[in-house]
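In the two complexes that follow, subunit A is the common piece, with subunit B as its partner first and subunit C second.
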Partner chain A sequence: MAHPSQLGLQDAASPVMEELLHFHDHALMIVLLISTLVLYIIVSMVSTKLTNKYILDSQEIEIVWTILPAVILILIALPSLRILYLMDEINDPHLTIKAMGHQWYWSYEYTDYEDLGFDSYMVPTQDLVPGQFRLLETDHRMVVPMESPIRVLVSAEDVLHSWAVPALGVKMDAVPGRLNQTAFIVSRPGVFYGQCSEICGANHSFMPIVVEAVPLVHFENWSSLMLEDA
Partner chain B sequence: MSLQKPIMRGLLAKRLRFHLPIAFALSLIAAAAFKYGVTEPRKQAYADFYKQYDAMKEFNGMKEAGIFESVRPSGE
Partner chain C sequence: MADEEHNGKKQGFKLMGILDIQSTACAREALLHGAGGSLVAGLLHFLATSRVKRSFDIGFAGFFLTTLGSWCYCRYNNAVLRVQQRVIQEGIKNKVMYEGTSIDPTRKPKADEKSS
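Moving on to the complex of A and B:
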């Protein structure tokens, strides 16, 4: 989850998010390059004693400031497209989970083997125990096996929502009447938080997502227990 | 006795010929500083983290700390 005074992205917990993190650094480096150049030029234009500062035409500079931005754009586009195609590779998921958005909670369905489904409501602030995170905890978490490819089918029952978990590099719109697919692999065990990312009414900020990644054997025990409780 | 005629043309071009290379050099230095100060250390940090990473050990530590909902600490 995010920590106080955080400036950058959350630590990556999936291979795709690691790639996105490095790409973000690359893009930020280019932004810094251009910003430094422009800042220096602005300061130099503002601090000159020359009164006639305006070149009327110059073929050379026109060529330079056309070609150079095109080159910079290519340097941004190539890694970006690489990650885009990486995310779309055939991934042969071990598990498919349906995440349905409602006003104002998520529900998860694990229907590969049995019929397991449950709702996931935010824990109200007054019900939190010490150590829990305000506006992020839910009563039931989406438990997944770690180091396994997971497919999530995202949809909604009423209005637009969006299922997002920043640490896993996942965000997918939940559109009523439509099934959107996303996939991820959780690289390490842990608990990862997200929040609804499409305005959906009064409690849009109060329908978080919690993904819990555990070893497969514990995931199987959990799903058996959940089926018994249902 | 006559004074030398002052330079009256090409003043901006002269200024640009002086300042633009400095501007480009500074921006490349800033980009290189970011790359070797932030980007590469971050890549190395992720590589180092996963090189020695023991998922089951970390999982057991988190489990005993009571972080998970699906699996409780051994005492419970």
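Moving on to the complex of A and C:
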């Protein structure tokens, strides 16, 4: 999760998010260079004593400020398109989970092998135990095996919601009557937090998402326990 | 837990408060190359023309182009290395899984399998 007053992106927990982090650094460096250039030009223009009211054209500078931006745009577009196509690659998922948005909670269904389903409500602030995060914890987490391609089918039962987990680089709109698909691989074990990302009513800010990535053996144990409790 | 990590390591320098130079790959090298390129370009122009203001402009242009070029070159090589690293990791993982089975790609076919 984000730490207090964090400005940048969270640490990546999936290969796609790692690539997005690298691309973000690349784009940010270019933006900072251009901003420095603009600042320098502004200072230069404001502080000069030279005035020439009769400058009509200058071929050299026109060529520079046409070619250079085109080159910079290409330098940004190439890695961007690479990641775009990387995110759309067909990966054979080991597990499919349905995430359904409701007002105001998420429900998860693991129906590949057995019928396992549960609701995931936010833990109210007064019920938190020390060490838990306010407005982020849920009573039941979406547990997934790590290092396995996971497919998530996202939809909604009532109004628009959006299922987002920043550390995994995943966000998908939950539209009633529509099934949206997203996929990810969790590279390391851990607990990853997200929040509903489409305005959905009074408690839009209070329906978080928690994904817990565990080794496959622990995932199997967890699913057996959940089936027994159901 | 986050506080302990922050106390343990030095606070990195953040360019314009956003880009962490120390933890971002290629950032430090690109900026140092840019600074060097700026000095060289500005100095050479001044020595050739003795125009101070224009030499500053040339120096800044040198900084911009050198930083951009160094950054893009380093990031490209970094991306190629990352892809290779991922391929090698997959190969190691698969080798551990498939070793000794019939689908091990490094398995040499036995003599009786060759004849049949």
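In this section, the second predicted complex is superposed on the first by the 225 of 230 C-alpha atoms of A that agree within 3 Å, B and C clash if a C-alpha of one lies under 4 Å from a C-alpha of the other, contacts with A are read in each partner's own complex, and residues count from 1 in each chain.
In this section, contacts are C-beta pairs under 8 Å (C-beta built on N, C-alpha and C of every residue); 3 or more make two chains touch, one makes a residue touch a chain.
Remember, it's a predicted structure, so these values are computed and weren't measured experimentally.
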### Task
Give one word, clash or fit, describing how subunit B and subunit C relate on subunit A after superposing.
clash
### Query
Which partner, subunit B or subunit C, touches the larger number of subunit A residues?
B
### Task
Could you look at A:L33 and tell me whether it touches subunit B, subunit C, both or neither (first, second, both, neither)?
both
### Message
Between subunit B and subunit C, whom does A:H22 touch in the aligned arrangement: first, second, both, or neither?
### Response
both
### Message
Looking at A:L135 after the superposition, I want to know if it touches subunit B, subunit C, both of them or none. Which is it: first, second, both, neither?
### Response
neither
### Query
Does subunit B (first) or subunit C (second) touch A:L216, or do both, or does neither?
neither
### Partner chain in contact with A:P189 - subunit B first, subunit C second, else both or neither
first
### Query
Which of the two partners, first being subunit B and second being subunit C, lies in contact with A:V175: first, second, both, or neither?
neither
### Query
If you stack the two complexes on chain A, which partner ends up touching A:V159: first (subunit B), second (subunit C), both, or neither?
neither
### Query
Which partner does A:L7 reach: the first (subunit B), the second (subunit C), both, or neither?
second
### Query
Does subunit B (first) or subunit C (second) touch A:P79, or do both, or does neither?
second
### Query
Given 60-68, 78-86 or 96-104, which one is the stretch of subunit C whose C-alpha atoms run into subunit B?
60-68
### Message
Please report the subunit A residues shared by its interface with subunit B and its interface with subunit C.
### Response
18, 22, 25-26, 28-30, 32-33, 36-37, 40, 44, 48
### Query
Residues of subunit A touching subunit C in their complex?
3, 7-8, 15, 18, 22, 25-26, 28-30, 32-33, 35-37, 40, 44, 48, 72, 75, 79
#### Entry: Partner subunit A, residues of subunit C touching it in the complex
2, 15-20, 24-25, 27, 30, 53, 57, 60, 64, 67-68, 71-72, 75, 78-79, 82, 86
### For the subunit A and subunit B complex, residues of the former touching the latter
12, 18, 21-22, 25-26, 28-30, 32-34, 36-37, 40-41, 44, 48, 50, 52-53, 55, 131, 140-141, 143, 146-147, 187-191, 212, 214-215, 218-219, 221-222
#### Entry: subunit A-touching residues of subunit B, taken from the complex the two chains share
11-13, 15, 19-20, 22-24, 26-28, 30-31, 34-35, 38-39, 42-43, 46, 50, 53, 55-56, 58-59, 62, 66-71
